[in-house]
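To keep things simple, chains are lettered A, B, C and D as they appear, and every chain counts its residues starting from 1.
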Amino acid sequence: MSINTFGRAFRVTTWGESHGPALGATVDGCPPGVQLDETMLQRWLDLRKPGQNKFTTQRREADAVEILSGVFEGQTTGTPIQLMIRNTDQRSKDYGDIAEKFRPGHADISYWQKYGIRDYRGGGRSSARETAARVAAGGVARAALDMLMPDLRIAGYMLRMGAHEIARERFDAEAIAQNPFWCPDAVMADKWAEYLDGLRKSGSSVGAVIEVVAQGLPAGLGAPVYGKLDTDLAAAMMSINAVKGVEIGEGMASATLTGEENADEIFMGNDGKPAYSSNHAGGILGGISTGQDVVVRFAVKPTSSILQPRRTITRSGQPTEIVTKGRHDPCVGIRAVPVGEAMMACVLLDHLLLHRSQVGDGPRGVIG
Amino acid sequence: MSINTFGRAFRVTTWGESHGPALGATVDGCPPGVQLDETMLQRWLDLRKPGQNKFTTQRREADAVEILSGVFEGQTTGTPIQLMIRNTDQRSKDYGDIAEKFRPGHADISYWQKYGIRDYRGGGRSSARETAARVAAGGVARAALDMLMPDLRIAGYMLRMGAHEIARERFDAEAIAQNPFWCPDAVMADKWAEYLDGLRKSGSSVGAVIEVVAQGLPAGLGAPVYGKLDTDLAAAMMSINAVKGVEIGEGMASATLTGEENADEIFMGNDGKPAYSSNHAGGILGGISTGQDVVVRFAVKPTSSILQPRRTITRSGQPTEIVTKGRHDPCVGIRAVPVGEAMMACVLLDHLLLHRSQVGDGPRGVIG
Amino acid sequence: MSINTFGRAFRVTTWGESHGPALGATVDGCPPGVQLDETMLQRWLDLRKPGQNKFTTQRREADAVEILSGVFEGQTTGTPIQLMIRNTDQRSKDYGDIAEKFRPGHADISYWQKYGIRDYRGGGRSSARETAARVAAGGVARAALDMLMPDLRIAGYMLRMGAHEIARERFDAEAIAQNPFWCPDAVMADKWAEYLDGLRKSGSSVGAVIEVVAQGLPAGLGAPVYGKLDTDLAAAMMSINAVKGVEIGEGMASATLTGEENADEIFMGNDGKPAYSSNHAGGILGGISTGQDVVVRFAVKPTSSILQPRRTITRSGQPTEIVTKGRHDPCVGIRAVPVGEAMMACVLLDHLLLHRSQVGDGPRGVIG
Amino acid sequence: MSINTFGRAFRVTTWGESHGPALGATVDGCPPGVQLDETMLQRWLDLRKPGQNKFTTQRREADAVEILSGVFEGQTTGTPIQLMIRNTDQRSKDYGDIAEKFRPGHADISYWQKYGIRDYRGGGRSSARETAARVAAGGVARAALDMLMPDLRIAGYMLRMGAHEIARERFDAEAIAQNPFWCPDAVMADKWAEYLDGLRKSGSSVGAVIEVVAQGLPAGLGAPVYGKLDTDLAAAMMSINAVKGVEIGEGMASATLTGEENADEIFMGNDGKPAYSSNHAGGILGGISTGQDVVVRFAVKPTSSILQPRRTITRSGQPTEIVTKGRHDPCVGIRAVPVGEAMMACVLLDHLLLHRSQVGDGPRGVIG
């Protein structure tokens, strides 16, 4: 049983391999009447697209998305939306060595052991190219959210590249779009540029931490057990290639706090809604949104495809070394930023639809 | 739409509130022919049971589990297994204040905003008592795993309490059962005892980090996208009350590594299976198990119910203070250890069943 | 993978065997704020209860339902509702012969072949006692429907017993409650009484056709593909023990019609809504409700447990004869009427929740 | 919440509208290592393809299927298989009238009332063209079944067209492929040809009954409750456009039988497996296969698009008449035969995968 679908009410099934003819996403459950066209989706795909600067893989893909179904005269009809992206720059000769050798830190070996067959060209299904389909689906989610929750804002950025972390006190939302790293700290962006250039030239790679924040989400989305908003966010982020850790709000550091420190004290805000003295909870209590910013962080490990030789074995069990030439990202975390945003959009829309299924659009628990 | 179920092939639906007549788990999809009786489940529940020493809540619950269905003459029949635990020490008068005031850092407020109605006695559905049902269901999973993967071992322990972390070089598996903290470092266990006693007396609380390891899992469980082993583990752990972060293998720290550092180099082991120079991956590559130890960590925030007064509001929006008297855990992370083990067992059994659905019991990709 | 759950947004998982300690239903996804208590559920269970007259099994069960969770101060909280019914009159000695021999027409043999283990007492999980849990869950669905669609009415009745079918021109809704057969034709009810008494005395049994109608359902519930209202109704009814056929509207007879005959012509009704000249469609077009009555019929085969000897084999493959003594229903279809109503209620509530998830409570396609 | 997916372990999501650029199926959960190419799928699509003789719609579609993912070097990889069929002969000008008027007996009106928007060209998502995607997915299921259950045979045929039913005593399996009606009775095939020609010329249409039989299915597939083999078959067939009734084995007629008549007595066959004196059960007892032939029938209503004028209303509620010119099937049941076979293949593969998930490939309950 293979599960290539995420979401419950807004369901996205991605399909396609790195070097097949195409990849895409089948999106089911989108509300009808949402304004949608290919331009709106392309905008997001272009942000993830490889080959835009020297810091990402030099594979050149147009990543042009086609809407094959579910949209009529510029509006969603409520039926499945098929999004297709043709692969155009596959150049699979680069990957010859990988057919026989397993890259350390890569899915090559586990994938082979599971299925006994794999499309070894570019990692097949385990390639980060799969995330293009997520970004396309996330574009659909954003369009629906624009209709249903127009005040919602989702923003992702990088906090850390290898040993180098931003300074929160220099955080500047406007800086994010002004460097190739989604870095909200202009000083650190320069440092990263220099650092990553060195890694790239030496054929190495490095990990990253990304944070995604949603502002303007109303209180009440989620559920106390299993169908929790934080559970689904954790699953969504952990499902992105190369992610090894996920945090909500204070995250792993919440272990170091006392109850007094961790308590986000509650006031009545000027807008007549509850307000909080802090946001250790990351906007989620008991699996349910509080109305504060929803804050998620995740760590992306370094790309396993590197020019540095590593010891490994062949499919027949012979010891050998491997150097992965192909075209790879020295810091794949950079391109994970729009992917994280897309996953956030999908999860929030899903929970909005889940909520109105059970509780409806009408009044809920009032405070004040 | 409320989702109180986890798992795909082995599905657990928990039900019940902290102060209702009973709580439990409906377990569907268990293979037939598994040896199972109440004693086998009680063993695990007793490890999670409150009131066993001064470091956990003084609520006294027998947590006696009854099997109401799905077992005949000591064996599972393949039909749903209903596990029921009666609540016996509810003492709900302790909770009077909470009906009107929201505890900072607790689900009280989000829960109210979502549903407009809640069982405020002891947190209702958002109480950590719900985890008793998980431990019972985990006991069923362990029994099935004993039949299907007899070499599998699952062990959980605490790594950190507040500011105090164990020393990995003093790690001693035998120490875990010899202190009330599941601490694998006997020196640190003494320190924690003193530290927690102080917090308890002052009516404070503190967070914790727990690690759960599965040894002996074969390679090949999981899937490259969404139905990933690590995605499901992350969701399972994040769904536990008070968890704010989840890590697989190197976790958040993988962001600090280079590709060379992160690569777990591959050898052929003496047993004719692949072996690895290290385990940064935590036993999972591309969402699929490698045969190495599966390593998961999660952070538990401090209990929000504390004796220290915190500012908050009432349901009618009036500013006030709250002191939570009831009976609470100064470090609820302690009792999260057997819960984490139970979730690990459920996820691994689920993935074993998913794997044999798609790929069968027969030979898969061979190495060597 | 065993699936004991039906429904998507309103999900019912039944559990328990005929002769275990208890059986019940775990109901997830119910909206919060629904008025609910045990008396409301008991009313429906009493209608299905065995032993009420000579035409049903003489097993005497109180079928007293307990609500173990999900209801607080007389209202649903939005969390799982656990419904438990204790088995009290199990008398399993009656079933001794069945442990070794397979009843022709019964699940004994297929069940054994599947699992290699079974609770042979009274059919275990394949017993019609399982339907008590459905009726209890249906009571929850009705309570929610009363809140959300107060104009909805669900009514079931028997159309046929063996060779004897009612006359539609004598249809009298008031007659249904005035005979033990849910028969809307008082003349036929008398005939059935005589007929069934003869069958009962000879130790035989007979099949039946039941019709369930929902009046007052708004247009727009369902979906054009797979998640169709008629697909889900067909599955719900076919999932009831002993059901072998399901029809919507004209049903199997629609094969005999021409397009002109089958067309339900459309007018504007006096209430400003579309009205129809006929209802061959059974209230569903393209999987979506039209606002007409939803009409479902199903056939229940005769009970396989009969006093007439039938040839069969033992578990060791020896030829033998079997006579099933126990206590059985000569026409199990009678007690299937409230079960069919319950399944209708569950499916309609589910589709209402699914609809408002995708489309919301707001205005949809207007006519006129 | 829209559900365009069927199946649990082998999951098919269809997408696309009658007059959009393309339609197709996303197939998830297929076992790895199955031989598969486009030619194998095209064979089944060609059987359903319109425009092959005067008895089906004159729309000319190549229905050429492309495999976009999930297959590498002629074998399935275990990842999602995307099947795309381009629409080529859309000629949507034929449908102009339908944008404003609702066809009686068609999904036009319910669809509009649900979504408030629809792709009115050719019925959009509610068009029978959607079934091309099912046939393609069924081709994948058949390929997997050929690997996993090589003795399985699936055959569909028509039993009835309008008033004219075949004679079972003239049943000849070889006749099925020798007439355009999938008719196993050569005498009746001639009669149908004449009958349908008359209906076609008069612009009328007529219903049909189809039977699909699976031979060679082992005992033990299915489950006693909800995840029943017959429940899933009923849902699968009822989900096909225009189907209004589904029967298993004796079907609706089982209501007329006594327990003695309905009992399929059991013997030991010469092959050492249980054999039966008859097959009223249609190969399924208690939701689980017995090893006998699985027999399913379903009724297809007449096409609602007819040249005979029918009274209806416009979107603005004005009374009017409608004559549907377009290109339609006088007996759409004919082309439902390969669709029914495809659905049977998908359900059986799904249940095989479900079974081995829970019970494994190993020995089960032995008889003899």
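Quick note on the criterion: contacts are C-beta pairs under 8 Å (C-beta built on N, C-alpha and C of every residue); 3 or more make two chains touch, one makes a residue touch a chain.
What you see is a predicted model, and the numbers here were worked out from it, not measured in a lab.
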| item | value |
| --- | --- |
| Centroid-based (C-alpha) most distant chain relative to subunit B | D |
| Result of counting contacting C-beta pairs for B-C and A-B, higher pair | A-B |
| Centre-of-Cα separation between subunit D and subunit B, whole angstrom | 45 |
| Centroid distance [mean C-alpha coordinates] between subunit B and subunit A, Å | 26 |
| Interchain centroid distance [CA atoms averaged], subunit B/subunit C, Å | 39 |
| Overlap residues in subunit D, where contacts from two or more other chains coincide | 1-5, 9, 14, 29-30, 32, 78-79, 114-118, 124-125, 224-225, 353-354, 357-359 |
| Touch list for subunit A against partner subunit D, complex | 1-5, 9, 11, 13-17, 20-24, 26, 28-30, 32-33, 66, 68-70, 72, 75-82, 84, 114-119, 124-125, 353, 357 |
| Subunit B contact footprint on subunit A (complex, rising order) | 1-6, 8-9, 14, 102, 104-118, 124-126, 130, 160-163, 199, 204-209, 219-228, 230-232, 234-235, 237-239, 241, 244-268, 272, 274, 276-277, 280-282, 284-291, 297, 299-306, 308, 310-313, 315-317, 319, 333, 353-355, 357-359, 363-368 |
| Contacting residues of subunit C [partner subunit A, same complex] | 1, 9, 29-32, 78-79, 224-225, 353-354, 356-362 |
